[in-house]
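In what follows, a structure is listed as structure tokens, so that the remarks can point back to it.
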Amino acid sequence: MEHVFKLSEIVGTSHEGSDAAIKAALKRAQATIRGVKWYEVVSQRGYIEDDGKVQHQVVIKVGFALDD
Amino acid sequence: MEHVFKLSEIVGTSHEGSDAAIKAALKRAQATIRGVKWYEVVSQRGYIEDDGKVQHQVVIKVGFALDD
Amino acid sequence: MEHVFKLSEIVGTSHEGSDAAIKAALKRAQATIRGVKWYEVVSQRGYIEDDGKVQHQVVIKVGFALDD
Amino acid sequence: MEHVFKLSEIVGTSHEGSDAAIKAALKRAQATIRGVKWYEVVSQRGYIEDDGKVQHQVVIKVGFALDD
Amino acid sequence: MEHVFKLSEIVGTSHEGSDAAIKAALKRAQATIRGVKWYEVVSQRGYIEDDGKVQHQVVIKVGFALDD
Amino acid sequence: MEHVFKLSEIVGTSHEGSDAAIKAALKRAQATIRGVKWYEVVSQRGYIEDDGKVQHQVVIKVGFALDD
Amino acid sequence: MEHVFKLSEIVGTSHEGSDAAIKAALKRAQATIRGVKWYEVVSQRGYIEDDGKVQHQVVIKVGFALDD
Amino acid sequence: MEHVFKLSEIVGTSHEGSDAAIKAALKRAQATIRGVKWYEVVSQRGYIEDDGKVQHQVVIKVGFALDD
Amino acid sequence: MEHVFKLSEIVGTSHEGSDAAIKAALKRAQATIRGVKWYEVVSQRGYIEDDGKVQHQVVIKVGFALDD
Amino acid sequence: MEHVFKLSEIVGTSHEGSDAAIKAALKRAQATIRGVKWYEVVSQRGYIEDDGKVQHQVVIKVGFALDD
Amino acid sequence: MEHVFKLSEIVGTSHEGSDAAIKAALKRAQATIRGVKWYEVVSQRGYIEDDGKVQHQVVIKVGFALDD
Amino acid sequence: MEHVFKLSEIVGTSHEGSDAAIKAALKRAQATIRGVKWYEVVSQRGYIEDDGKVQHQVVIKVGFALDD
């Protein structure tokens, strides 16, 4: 049986660091999409808030199986 | 509170030019998606119709906050 | 009338080869999305199963018109 | 019947802006090549003349059908 | 003797698949250009016709020796 | 006499469109740097403000001659 | 237990087409390397022999587990 | 009022890891540049010192508002 | 004396995060290759196991001096 | 008066080195095309002949003004 | 002690060739910046002067340590 | 008979220039690998030694036939 997967592009954010931002994005994806199989990092940025704190942002693509 | 954003890839078209094509895509996105925060231009093409008129096409990604 | 199109990123798989993987992805897209207009190949990979058989995977973007 | 198309890379210029530069390039292409079907933007630059005026330059590829 | 080669960018199409589209482009190139030495695949797309049939399009560059 | 040039990366913004954003960046560069010779567009984004208005942002590199 | 994999870049060739060239490269890899897990297509070219026949060349990376 | 921003490319280093290297670069930027608004990761490398210790290096671009 | 270095592409994995995956790959490289001088990150992905746990995968190139 | 330029992609070769290969390509271009204005290096390769001698190959694009 | 480095993008030119253009840029950088540690080639172009002579232009990034 | 080739990534260095660095890498490759067929330049960097002298570094891939 041939599977077809879909890729969805999401952005996780965290004040800790890039790894934490990836985990925030994955946590959200797994909570709302069934059968998440893999992720790929697309890019990494960060936004400096007025108080100087840094919000790290990681853009990832998550792949999940489309039900048959 | 950490936010998670989603990126959606859409193509705006216009017979005027690329700026008008971007605005057409944004107008459609803001009409159907809540909380559109930013856009990124991916690529620019155009299609020449039989009468020689040009349909400019701009591929953009729009980012919007996922509700919590 | 200006049209707006959406791009969706999907992965077709096949044990035959890359062309067959593209066709599997397109078949699925056309079955679930109305007005699929074009596709673009993003990348090609393959996964080697334990018995040595190869599952070819092609990532494509399909473009379709958003209803007005 | 299978068609074969050719891509030609040209640079339009304009003192107005990038959209005007694209139109200058397309106008020239349509005047000298039959069956121009589409264009793709490759890159955008500009040259600052001695009097400070700006010549915007847009590199595009135009695609046209090869006669059978 | 130093050779100089030229690269020409063409698009082959086929309803069969990408390999067939490459061969259609090469066939046309070899029929009209002498001394075609190599080709490189640039990108792969496809256009979905109104009846749902798929026209696969492969952009290739062909290299050929310029006569001395 | 061999010249050496420097490249500086700046971001112009405008609520009108991308061409206006490029001109805002160039205006600023020419006001503070002598001998601006050329510019290259690096990328185009935009930020959607709370009231829905769009701030178009274009990243360009400007090249200028280093005095001898 | 954390695994470490190695990537090796090889070029398959075939007079049939790109799919056949990928299979030739995989066949060789699986014959000489244990634990080949996946492949990624890097690029596709072809060489036109003197008699006009085409040797299709596909560059792939194969990934395999390093023994512990 | 249209803002113009500047991008500066800097390299943070750390023996801890990539996140720490990003923070070192940001700390330095915020200490010497007013109005740092965002950063983008360009690339990640590392240098292995003679004693085998690893100095992680992350190249980032920081964006800051140019005063009016 | 001119040195020649070799680059080897390997993939580190870890359930902790990307930094840990880089360190796993470096540890393995330094255990089997003499004179490892530097590494470059190529790409970052991750595989979601059946129990939902995430295996982070970082592709790096390690550079080492070839003995004379 | 707005100018339109054309870009042509050619490959220079030399047994000396890459600079010599660029000059061979430029020499040929200037001999057959009027108004060559600039060149851009696209890529550099080389072919090892049976006797071990190296033919360096540099792909360049040359830009020239189209007559009005 | 963690170091922070800065990258500056400059363009060297020479009528001799690309190597000479790189050296011209480095010479200028070392004359005006303390602690230049490395350079990376970004791109290579050239400008054909009215008398047919060629000005080779190489864009490089130079990295230097920021004083503590 | 279908051939399979392997690509190996090596870095040549020289105090003379980039062409000399390419030749140093090729010389080493031809001394240790049989059947080197071609090379491709991947990137060019250089390292500034403490005495200000420059070590030019060119990363190339060499392709060689795998014995049958």
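Labels for the chains are A, B, C, D, E, F, G, H, I, J, K and L, by order of writing; each one numbers its residues from 1.
Just so we're on the same page, a contact is a pair of C-beta atoms (placed from the backbone, for glycine too) under 8 Å apart; a residue touches a chain by one contact, two chains touch by 3 or more.
All values derive from a computational prediction rather than experimental measurement.
Enquirer: Could you name all chains that are in contact with subunit F and with subunit H at the same time?
Expert: Common neighbours, subunit F/subunit H: K.
Enquirer: Between subunit F and subunit K, what is the separation of their C-alpha centroids in Å?
Expert: Centre separation, subunit F to subunit K: 22 Å.
Enquirer: Quick one: subunit J and subunit K, Cα centre-to-centre, how many Å?
Expert: Subunit J and subunit K have C-alpha centres separated by 22 Å.
Enquirer: Measuring from the mean C-alpha position of subunit G to the mean C-alpha position of subunit K, what distance in angstrom results?
Expert: Once rounded, the distance between the two centres reads 38 Å.
Enquirer: Roughly how far is subunit F from subunit G, going centre to centre by Cα mean, in whole Å?
Expert: So the centre of subunit F lies 44 Å away from the centre of subunit G.
Enquirer: On subunit G, where are the residues touching two or more other chains?
Expert: Answer for subunit G, listing residues that touch two or more other chains: 8-9, 18-19.
Enquirer: Would you please name all pairs of chains that touch?
Expert: Every pair of chains meeting the touch criterion: A-B, A-C, A-H, A-I, B-C, B-D, B-F, C-E, C-G, D-E, D-F, D-J, E-G, E-J, F-H, F-K, G-I, G-L, H-I, H-K, I-L, J-K, J-L, K-L.
Enquirer: Where on subunit E is subunit J touching in the complex?
Expert: Counting only subunit E, the residues touching subunit J are 2-9, 61, 63, 66.
Enquirer: For a test of understanding, state which residues of subunit H touch subunit I in their complex under the given definition.
Expert: Touching subunit I from subunit H are residues 17-19, 43-48, 52, 54, 56.
Enquirer: Would you mind writing out the residues of subunit D in touch with subunit J in their complex?
Expert: 8-15, 21, 24-25, 28, 59
Enquirer: Name, in rising order, each residue of subunit C that touches subunit E in their complex.
Expert: 18-19, 22-23, 26, 30, 36-41
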